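Before we start, here is the structure in question, set down as structure tokens.
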Amino acid sequence: MSVIIDKDTRIIVQGITGHQGSFHTGEMLKFGAKVVAGVTPGKGGQKVHGVPVYDTVEEAMVQEPEATMITVPARFVKDAAFEAMYHGIRVVYILTEKVPLQDALEIVSYARTHGHVVIGPNGPGITLPGKTKMGIMPNHIFREGTVAVASRSGTLTYEIVNALTLNGYGQSVVIGLGGDRITGLNFVDVLELFEKDDDTEAIVLVGEIGGTAEEEAAEYIKKNVSKPVVAYIAGRSAPPGKRMGHAGAIITRGRGTAESKIKAFNEAGVPVAEFPWEIPQVLKKVYK
Amino acid sequence: MNLYEYQGKALFRKYGVPTPEGFVAFKPEEIQEIKGEVVVKAQVLTGGRGKSGGVKFASTLDEAREKAREILAMEIKGHKVHAVLVEEKLKIEKEYYLSILIDRSTRSPLIMASPEGGVEIESVPDEKIFKYVVNPEIGVQPFVGRILSKKMGFSGDLAKQFTKILMNLYRLFREYDAELVEINPLVLSEGKLIAADSKVVIDTDSLYRHTDLEENAEEKTPLELEANRAGYAFVELDGDIGVIANGAGLTMATLDTLLLYGLKPRNFLDLGGTDSVDITKNAFTYVLKANPKAILVNIFGGVTKCDTVARGIIAAKKEFGIELPMVVRLSGVHEEEGRKMLEEEGIHAFGDMRHAIEKLRDIMGGS
Amino acid sequence: MSVIIDKDTRIIVQGITGHQGSFHTGEMLKFGAKVVAGVTPGKGGQKVHGVPVYDTVEEAMVQEPEATMITVPARFVKDAAFEAMYHGIRVVYILTEKVPLQDALEIVSYARTHGHVVIGPNGPGITLPGKTKMGIMPNHIFREGTVAVASRSGTLTYEIVNALTLNGYGQSVVIGLGGDRITGLNFVDVLELFEKDDDTEAIVLVGEIGGTAEEEAAEYIKKNVSKPVVAYIAGRSAPPGKRMGHAGAIITRGRGTAESKIKAFNEAGVPVAEFPWEIPQVLKKVYK
Amino acid sequence: MNLYEYQGKALFRKYGVPTPEGFVAFKPEEIQEIKGEVVVKAQVLTGGRGKSGGVKFASTLDEAREKAREILAMEIKGHKVHAVLVEEKLKIEKEYYLSILIDRSTRSPLIMASPEGGVEIESVPDEKIFKYVVNPEIGVQPFVGRILSKKMGFSGDLAKQFTKILMNLYRLFREYDAELVEINPLVLSEGKLIAADSKVVIDTDSLYRHTDLEENAEEKTPLELEANRAGYAFVELDGDIGVIANGAGLTMATLDTLLLYGLKPRNFLDLGGTDSVDITKNAFTYVLKANPKAILVNIFGGVTKCDTVARGIIAAKKEFGIELPMVVRLSGVHEEEGRKMLEEEGIHAFGDMRHAIEKLRDIMGGS
């Protein structure tokens, strides 16, 4: 089965000749990903780890890519994402951080109404152990298995995946949704995919304070998810955010805090681990 | 980035959103002339200035300067007053509320309007707050103004004024990369709708394309500013454990765990995803300036090389002469090598977070 | 069967209190159309031919409309169309003429990627004799039958429908695509619908000079249309348009003239009538 | 509406599309000073002015005035020269072509670019014209510039210049409701890409929102203008049958049919969808001014009441004292009543188009 991408998905890397682009292309290839092309304006004709580089996505389309990893500077992300979508690339993963919010809004809004999937911005990507990887998650922490992980964090995801692997829980898929306020996928979107995925038997959600994605996930789980779900929430200790002030508070009306998220998960029958390393033990209570 | 009221109102005027006549003054002498009765308002990046005496009225030039002098000397909720805004005093017939912000869950701009403005909007009951989710591909067309006008009780010319304000505010919101634009109150004064206050928050990540906006430093402590400028996500907290970790999520989880272990963090510092000796080393500069009693470093090295991180830590210890207790968690590529290097320098090093924090608790004598 | 709308389609009229809106609402009701509401800002609470008027489409949604006829002044059309689409109205028929081209472009472009059907701007609408009517075609010229008509003209459509009726050819559906340079539907779109429509046995296309919609229709008919098609082309006598000059000529490269269209239709086996009144005789040659 | 070159270039400058330095002059004396060698170009709304002598060079003020005087006195393809544009003479290294227009069949803006500019674009082979269909929901992002730059052979700084010109031109196209913006040639001169000519066509239906643009009357004959201003779609042709019909399609079909019957129309006049006595009557004003030998009225009254139309025709006949042969086709509501009224006034009236036109042919003695 596949979740968003599968082992045969042909991937390009926009920004492949940059430090990150080049390094992670190598890592992805080692993991078994089919990286078929790279794009960097002005660098067409080069090769990176044997992968041909093109000046434009239009030219790279000869390699028939279905997914792209975008790792260009923040101010060029909107351009790169629309370049990919204009040419029909279905999956757009944005690694770059500090993408302007309104740019993300435009990208995600267009994608959702035109049948594209956006992962990120500002997330570690998606990994299907034993199959493929698009992103920057470290290769060595994974093990093929039946637990799907979705997370709003980066390093904390690795921490938890690592704990799962060390405790014998392999993963069917690990998705980093991205740490920004507007992301292409939220928990509800991926829960729907995980529930349908034959390779997934249990689900781990790694949330954090801010927004109401976890509360919405809890609602969704109650109604639509039959597989066992466990969670971790980062940010219990954080002082309430001041940025959005009163107006922000109206949208959330008391939701958005760690307490609210933990309560919502508990009410949905989702146990929440107190410490990141506890995830495997908590999982054991609900899943073999 | 929060804008001061006067900065927000300058943007309002640029976009055709009516504001009271007025000017900003950083010193009392900058007030040269007033027309009729005026209001002198403290410019601070915090709410509740009214209750704190930061809004005063005056009817003569001398009085206005005197009030300005008083207000400029104030500190409101820990914020020094930055300037005063001197504005015509409006005849207020009614106060409304209007804002546009990014709603994460619909991934769309959200308009909120209420006929009960001039108070904290949280205190207004939900049924008195009218929400409209903007489809970003459609934007705010006049019909949105008609829908909300009807609910707000505006008709005829007032509905037209409101629609125009709403459309202009949305343009500002989009073109200036705002996270929030808020008018509270939007007042009805002599038949005109006027933005009597402004709250505008600009997305920091977009500032490179708004070079006309000056950076407002006041939201942060001087140390935070210094660390941020050096490229670290850094927030001061009120505990005593200096923290360096990598990744916002892992850093947050580290703080959470410390608290659950009865230890109070002095700061949040996210190293980011880099692995250079210098970046690791320099992070200590800011943590040390916060005078912690101990330091915890928590690195889950995905592709970060742990020996590099170890080298940075050792360099910091030597260069800055760190004598404080220091516990390091290092996991990832070359982790054993890294830990060995640290141990040789007398730094406690662990491969997992739990044991590192338990060690720190033991050192600090916590619960 | 239905083509875009059917006898039960609930229709609203945006601009119902205007002269045209009010008059044609009456005519549509007489024809049997289910006009369930009207919208005119500031006129909420009134009735037009017994149809309730609302200030906004949002309020009119209580009547569960699926289609709207827009007959507001040209400069308000974009607003009205997006108001309808925002609230999920599927079929948007724009009667108004002189809608700015870029407004039409935005409306049509949004509609096509979001599953809405736009008819017009600047066309007489759609009529399904014996079932329903949305638009301004005169009621008395129709007769229920099996011939589908699509036209870029207004009055010329009536001329031809009238000739069909007088010669015993009833109509399954008559669609006026609209006379503007950007319209929601073109011949290819409606040919696809006519081919699928069980009630349609033969097709009449009424084209005119300009653009390449007829040439594209001819190509499409060759490959995809099994039902007999006949055509009329207006504008044989017109001097070549000067507006778009050389650049326009590049797009069309000699197509777009009456000769080119007639030739294309003939090559696709579509007989072209020389005079409007000849359509029934020409039809008789290919259809009972 | 076609803009003159100088008007189009003013819009180019407003949108940051580089143009040569220059100014417009309506009289030779308006040329006050020139810098170096200049080109003096006729401002007319037709092509081919170069071959007609409408483009001349000058190196002194006197010479420039003299050339301007010559050009201003010219008539090019029947168009009086409206003004001259006096511009610096560019050192042309290479000429390119760039345009954006509305493509009806994809219902999208279409960009066309060619490295072979400076000639009539129809003469350039298809494989040398690079086309890009703009998705209006995406617009023209920088990547479009990169795609076309590559094909045009631009790299480095030239690619950046080209991308900027393209993006700015697209903004102009959208914001000024253009049907066409064309730069031919776009010249490379001393390392800079410069729009050496402009062709801009603005959508007439959008002119209400571009009040800064003056109306260019010259594309139409004075009679056409007069009729258009009165609300009639009216075009002069070179035959002798005055035509009044309703609906553009039916009017076209009427002209076509006349020609097929060997009769030549003098004009195209679309009454529109109205049914008022006055609108019908006044239409005759313009048809009569065109001095036709006969008049054909072809009305298919959908909801138009035929008796009303008949009254308008009779009023025109009486008021304007029309003696010309007149044949009327009237079909629709109250058609028999309408025809009866006409017959009583001695006007030939028919219920169908064919018999009306055959009658007219008989009157005119055509084939």
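A, B, C and D are the chain letters, set down in written order, and residue numbers restart from 1 in every chain.
Throughout what follows, contacts are C-beta pairs under 8 Å (C-beta built on N, C-alpha and C of every residue); 3 or more make two chains touch, one makes a residue touch a chain.
From a predicted model like this one, the values you see are computed outputs, not experimental measurements.
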Compute the centre of every chain as the mean of its C-alpha atoms, then state which one is farthest from the centre of chain A. D
Centroid spacing, where centroids are CA-atom means, of chain A and chain B in whole angstrom: 26
List the centre-to-centre spacing of chain A and chain C in whole Å, with centres computed as mean CA coordinates. 46
Whole-Å gap between the CA centroids of chain B and chain D: 55
What's the distance between the Cα centroids of chain A and chain D, rounded to whole Å? 54
Can you tell me which residues of chain B touch two or more of the remaining chains? 135, 137
For chain C, residues that touch 2 or more chains besides their own: 110, 113-114
Chain touch graph shape: choose line, ring, star, complete or other and state it. other
Touching pairs of chains, which are they? A-B, A-C, A-D, B-C, C-D
Given the complex with chain C, which residues does chain B contribute to the contact? 135, 137-138, 141-143, 146-147, 150, 155-156
The chain A residues in contact with chain C across the complex are 113-114
State the interface residues of chain A toward chain D in the complex, per the touch definition above. 41-42, 55-59, 76, 78-80, 82-83, 85-86, 110, 114
Of chain C, residues touching chain D in the complex: 23, 27, 74-75, 98-103, 105-106, 108-110, 112-113, 124, 136-138, 140-141, 151-159, 162, 179, 181-183, 186, 206, 208-213, 216, 232, 234-239, 243-251, 253, 258, 274-277
Footprint of chain A on chain B - complex, ascending: 2, 47, 99, 101-105, 107-110, 112, 120-122, 126, 129, 135-137, 174, 177, 179-180, 182, 184, 199, 201, 203, 205-206, 208-209, 237, 245-250, 252-253, 255-260, 265, 273, 300-303, 331-333, 352-354
